[in-house]
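Following: one structure in structure tokens, then a few remarks.
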Amino acid sequence: MSIGRGEPASGAGTSPAAGLARPILEVDNLTVTFGDGPGSVRAVDEVSLAVETGDIYAIVGESGCGKSTLAYALLDIIPPPGRVTSGEVRFKGRSLSQMSRGELNRVRAAEVAMVFQAAMNAFHPVITIGAHVDHTLQAHPEVFASRSEGREYFRYLLNLVRLRPERTWDAYESQLSGGMKQRVAIALALVLKPSVVVLDEPTTALDVLNQRLMIDILADLHRSLGVSIVFVTHDLALVAELAGRVAVMYAGRLVESGTVDEIFASGGRRHPYVTALTAAIPTVVGAVSDVRPIPGEVPNLAQLPPGCRFSPRCALAEPICQEQEPALLQDDRGHLVACHVANRLLGVPSK
Amino acid sequence: MLGGGLLTSPAEAAPVSAFNAAPYLNMGECCGWGSTWSYNPFSSAWPGQLNDLVYLPLAVQVPPSMTGFVPQLASSWQAQGNNLVVHLRSGLKWQDGSAFTSKDVLDTALLQGTEGNFNWSDFTNVTAPTPDEVVFTARPGVPMATLEQGVLIHRIFPASVYGSFVTPNLDQEEVAYYNEAAKNQSAASNSAAGKALSAVFSKLSEYSPKKLVGNGPFQLVNMTTGEIKLTKWDGFFDASKVQQPGIIFRNGSSNNLIYPWLIGNTTDFSNAYLPPTIISSLKNKSNWHVAIANSFEFNLLFNNKRYPFNLTKVRQAIAYVFPRATMVTATYGTVGPGAAVEPHPDGLSPWMEGSYLTPAEIKQLNPYNLDPAKATALLKSAGFHLSGSNWIMPNGKPFTLSIYIQSSATDVVQSMEVAVNALDSFGIQTTLLAIPGSEIVPDLETGTADMSWVTTVNLDPLLEFADVLGREGPNGGYNFPVLGTYAGDKGLGFGPVANVPGLGKVNVPNTIDTQAATVAPGKRMDQLVWDWARLVNQQVPYIQWENKLHQYAFSTTRYTDWPPLGKNGQATALWNDLSYNGNPGLLLMMEHGYIRPRA
Amino acid sequence: MRDLVSRLGAFWKDLWRLSKNDKGAMVGGAVVALYCVVAVIGPYVAHLSRVTNPADAYLPPSLAHPLGTGPLGQDILSELVVGTRPIMEVGILAALMTVSVGVVIGLVSGYLGGFADSVLMRVTDVFLTIPGLALVIVIASLVRTSSPVVLAAILSVTAWAGLARAVRSQALSLRESDFVEAARQQGLPLRNMVGRQLLPNVGPYVAIHFLLDVTGAIYAEVGLFVLGVVPISGTNWGIMIYLAMGQGALFTTKSMLYLFSPMVAIVILQVAFVFFTRVLDALFNPRLRVQ
Amino acid sequence: MSRYIARRVVASLAIIYIVISLSFFIVRLMPGNAVSALESQLSVQGMTTQQIDAQVNAIYAVTPKAPLWRQYFTYIGHVLEGKLGRSIINQSETVLHIIANALPWTIFIVGTSLIISFVIGIAIGSALAALQHTRAAKAVSFVVSVLSSIPNYLVAIVLLYLLADIHPIFPTGAAYSVNVTVGFNIAFIGSVIVHGVLPIAAYVITSFGVWALGMKGSAVSVLGSEYVRAAESRGLSRRRLTQTYVGRNSMLPQVTTLALSVGFMFGGSIFIETYFSYPGIGYQLDQAINSRDYSVMMGCFILITVAVVVSNFLVDLLYPLVDPRIASPGGARSVADRRAEGTKAMPVGGSTA
């Protein structure tokens, strides 16, 4: 029985050499709008990013910043009344919006799989876990030679996520604990051997022990299965530990994107929001007084401030920030920041 | 299990003849029947609509006289000393082919006796000396006219079906029981004979025959909760006169079911109460006619034992405030003869007044025409006074009045609303409670009601008084119950000893009960009627507020040749008979050859 | 106190905002308010004539009688107006009784738990199963009351059970919550816990239940009168329908207004209540609000 | 599963027992005491004290003079044996026979109406949820909410007027025509259907909206739920999604409400059957009330309750098929809790009052 697919895993936090292959998953200038007319809201606003094969890619932001919507867009499952109004998502170079329904369904789960936020509600409450697996296998007959082979692989995955297969198969969602559900959800997402797994808040609803377990499992899976991982979170500690690349969103827009080192290295060119975010992380050793919460609130997407969306909360804000939306600018290493002040201080030239 | 219809087997329906091409007479039957029934006439579930159309009586009584009869199963009868000898029509058959004989009459008398029917209180013995002769022996003191009235009107049921319920000694037990009951009712029911009778009756009433064997003009075909289907039976002795191929009874369990049948022309005839709206809309149709006949009296009883209704002046005052004319208009509209009826509060219906009182006597009675001034004077003289617009009783409490009536009769509710308005504006705070069912006695006993409603229907004027003032018990009065839960209570509470004009101080319930049972039509009866009418008129133990009119709507669309009407739709003899008797009246119409399908 | 005021303020603001978006709900609320006003002032502005004149029966609509007259020559509109109070009174009283019994039993049961809870819930289950309407009709026909309070009590005889169940399960989950735990540790008495801590949290649910209970009670109440199983006394829409049906008003054109006026009055009120409930539902149920 | 069934059986029996007891106390202890009312009714009919006692015993299966506790046990014993006494008005009829004649018709009407309105309602509700933001769906929603807020007896009056009186298309007053033979034949079945049209229509018109709105509400919330999107993310076919994931779960609350509405519809049969003079148990109850026939009244009440308990039990048996968590230990909330939540969903036509 074959275990992982593709090349042996590269270590966490490292990305394969650029240019070897084109990105497996690309988001190009994507805008997702909810509703129409004057009351409409852009949950995702002109966001672009690229996930390379083998990446562990984190999308970070406070709740309500549009990061979950972005995750949904990766599989083209944005809940109505939301819809993509411009831009596109490409998987292996093919735009999801160009695919037929059948093609799309073949990509879903088999190529790009998703683990839903906390997984609490990701299972149909009145059918068993086994039935979920069977439905998934049934929808993708091309992956395994037989149904039983698929089931066997799922058992193997359950073992990987440290669950007892025999107890899990006939269980209902309501009979599993939060941590167990999360792990089952991951196993279920991996059952078709996808190349990319998207995880929405994989640790948020878990207690500390389960969070630890989850991080270990994800790192493990990435190593042993070689799967690319995209995860959405507001937990910077998790990002620091797990991710290779990071994209930070604020109020629907991408404000910074780069490697985990670029984001977390102190002193580098950074978006003031990201600076504030990292300062807000309590560390185990640090005193509570070191934690500085970000003043103000995440803006209502329906009533955005003019100019930079972060400007009302920004300590460094200048008059231009209230007038002009900052562009997302790249330095020579590919590190992107959207901030008038940060970009000027480092002398990054405007495009 | 599906409805009572299973009880009949339609395979036995009468053969269809060419004659049946004419439509069946469709009757919208007021008040209808329940959703279960039995073809056993001894059962309480017997559909009374079939009476006299499938089972004939010995004779049909013709009102208003107490002594006029039209022979049916009996051909003639004579009084021979203390005996009433009834001769039966010869050569009659039942619908199952068996012959009609005196045994049928005897068995019916015995079996009906087990449930207290067939007026055994009027005779001491019954025998069938020959196949076409039955002899009843009158109980001492019972006039022959009363015996005739009690015996001849009964329908006779086939011995071939019910004879088997007659136990060997039933005749002796029956005589023994009724002799004892004449002296002591409860001792009689505790006696061996009484128990034997009960046993026979309970078996009899639970019997459920699969088919109905009658001897009347019609034969039962089928029955549902909505309809009864009868076909003409050619074995009926007067079958040649009967013009209808059959009858469909439609169950008008509530009046508002019947009105659309009339307006939509889906029925030919109805005996339902017609409110003014319906009357006037029928008047606009050329094919509809309405016959109007007097039927029974509506009486409002005072709680005579209860303050202040124990005061004669208070009762009289209320009688003066009752707007009887407006109440009649509210119920019967402003058109037609019904609107003109204004009864006198003397306990007698207009035609009884006419038969038993002289015009001079009627003139002496107080008509209690609407007169609030007189009512005011009466109340003031009784110590009441007005505070603002409300009357205050001598004890300082406001004068209130509660009237309980039955809610299912919306016509009564309507006219009582009129009364309540009048009483209210006179200053007596009146509440009307229209409730389902009628529990006059408990309401009066427990004192919940100050006034309550009963109806009376009789040919015997003394019985008319006894129905209200008599003892609550076998004869069905409301005064001083002797039986049941409220035995020993006061009931209506009038008397028991009161000064009756012409009779002096007498025990009211006892006296009227005895007189009703023993006085035959004649001079003495006329005298007594005058006495009691004056009592009711002067002391007002109850107010007779309205004379119920029977309105018969009939259509000439499919059937013509209905019995003729008098001036202004006023009823003639046959209609009056229908009004008093119900189905026997219909039987007479048919025997006269009336109600013929339109050619 | 100030907190309460500000919360109430926010509540009204939300209510207004949501009603503005939902025209149906707004109209519904306005109609319910109008009926309430009529119920309060009706008997003072409309007068039922004490003088009955059957000659004026079923007059067509005119300025003096905008809806024409009834069988006794009385003004139908006045009857309708005067008949509003008994209906609304009993409906609201019944809903109040239903809600108070349901809330008390639900909260106490959920809060106490254990044996008391099982006993109360078994009783509740029985009332939840008994077909309420049948029981109400049987009891009402036996008791024969014309008192609004007694009638309301009869109407709520089984209606409380559903609410009690629902409140209990909310109370159960609230019981586990931090703030109730905190209150418990402060040693607050049961009365305080239930009144101050639990009650405000089940409030929205109860408010919606209350409105639906009013419509339910009105449905049943009018039904009882229309069937004629409760004493016919005074004037209300149910009695009007009952008498109109009995007197054949359905079958002639000129009398039809007498029957249809109260029917329409009931239908409008019931529909208004349901639409008004919708806005409360949206107000208290944020998930629905987003949609 | 067997424990679940056992629990439901015990609960159902307990409720039936309690209702029988309740009926005893209603007859014995309510104001307007039914037994003394009967006694006086009988005495007006001219019965002797002893006959009255015997009659009361036959009718209510109680001896009025015995101590209350003994009356109670005699009564319970009799009822459990199926002896519901005799009708007061038709003393030669047993209550059981009267009810046995009426019950099948009510079950026919209520059952047919329930199925028709459930199917129509679920279909409309699903369509409304699928098209929730369209103008047509909003219009249909409005009409449906209005219809379901109208009391069913008022709809019955209008139907009666339009389809039985002005245009006598459909018959009223019976369950089948006097011209057909009872049995398994076309004429009889046709007649039964034609006679059932109006009562069924009155029910369906006022109750399909309840299902439609309920289905719409739950389908909308299921459509918005995470697990539907999760299923979508697994590339499941549209059919699998709508049937297994959306449909089945949106139906759950409806199935729960089903149990409640059976009770409501049996109660409502009093109105519907009375107006159409349809000879079911509700009509029987109304007639009994109007003639103060207490024994029939209580018999009808007990039987209506038993019918409701039995149908609830059937729904409870059915429920694990759609929601297997119920039967699994500790898996789910109790059936009663589900029901309580259902009560909120019942609009006017479906009030539990």
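For clarity, chains are labelled A, B, C and D in written order, and residue numbers in each chain start from 1.
The rule is simple: contacts are C-beta pairs under 8 Å (C-beta built on N, C-alpha and C of every residue); 3 or more make two chains touch, one makes a residue touch a chain.
Computed from a prediction, not measured in an experiment: that's the story for all the values here.
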>> Between A-D and C-D, which chain pair shares more contacting C-beta pairs?
In response: C-D
> Going by CA means, which chain is nearest the middle of everything shown?
Replying inline: D
> Could you state the distance in Å from the CA-based centre of subunit A to that of subunit D?
Replying inline: 53
>> Averaging over Cα atoms per chain, report the distance between subunit C and subunit D in Å.
In response: 22
> Which whole number of Å gives the spacing of the CA centres of subunit B and subunit C?
Replying inline: 45
>> Taking the mean of the CA coordinates per chain, how far is subunit B from subunit D in Å?
In response: 39
> Which subunit C residues sit where two or more other chains touch them?
Replying inline: 141, 144, 228-229, 245, 250-251
> Among the residues of subunit B, which ones contact at least 2 other chains?
Replying inline: 254, 260, 263, 408, 436
>> Judged by the touch rule stated earlier, which pairs of chains are there in contact?
In response: A-D, B-C, B-D, C-D
>> Could you list, by residue number, the parts of subunit B that touch subunit C in their complex?
In response: 254-256, 259-260, 263, 274-278, 280-281, 323, 326, 329-330, 333-334, 407-408, 410-411, 413-414, 417-418, 421-422, 424-425, 431-436
>> Under the definition above, what is the set of subunit C residues touching subunit D in their complex?
In response: 24, 94, 98, 121-122, 124-126, 128-139, 141-144, 155-156, 158-159, 161-166, 169, 205, 208-209, 212-213, 215-217, 219-220, 222-223, 226-229, 241, 245, 250-251, 259, 263, 266-267, 270-271, 273-275, 278, 287, 291
>> Considering only the defined contacts, which subunit C positions touch subunit B in the complex?
In response: 49-55, 57-58, 71-72, 141, 144, 146, 228-229, 231-233, 242-243, 245-252, 254-255
> Which part of subunit D faces subunit A closely enough to touch in the complex?
Replying inline: 133, 223-227, 229-238, 240, 244-245, 248-249, 252, 322-325, 328, 330-332
> Quick one: in the complex, what on subunit B touches subunit D?
Replying inline: 1-6, 10-11, 34-36, 38, 40, 42-45, 116, 185-186, 188-190, 194, 198, 205-206, 221-229, 248, 250-251, 253-254, 257, 260, 263-264, 266, 408, 436-439, 441-442, 445, 472-476, 481, 483-487
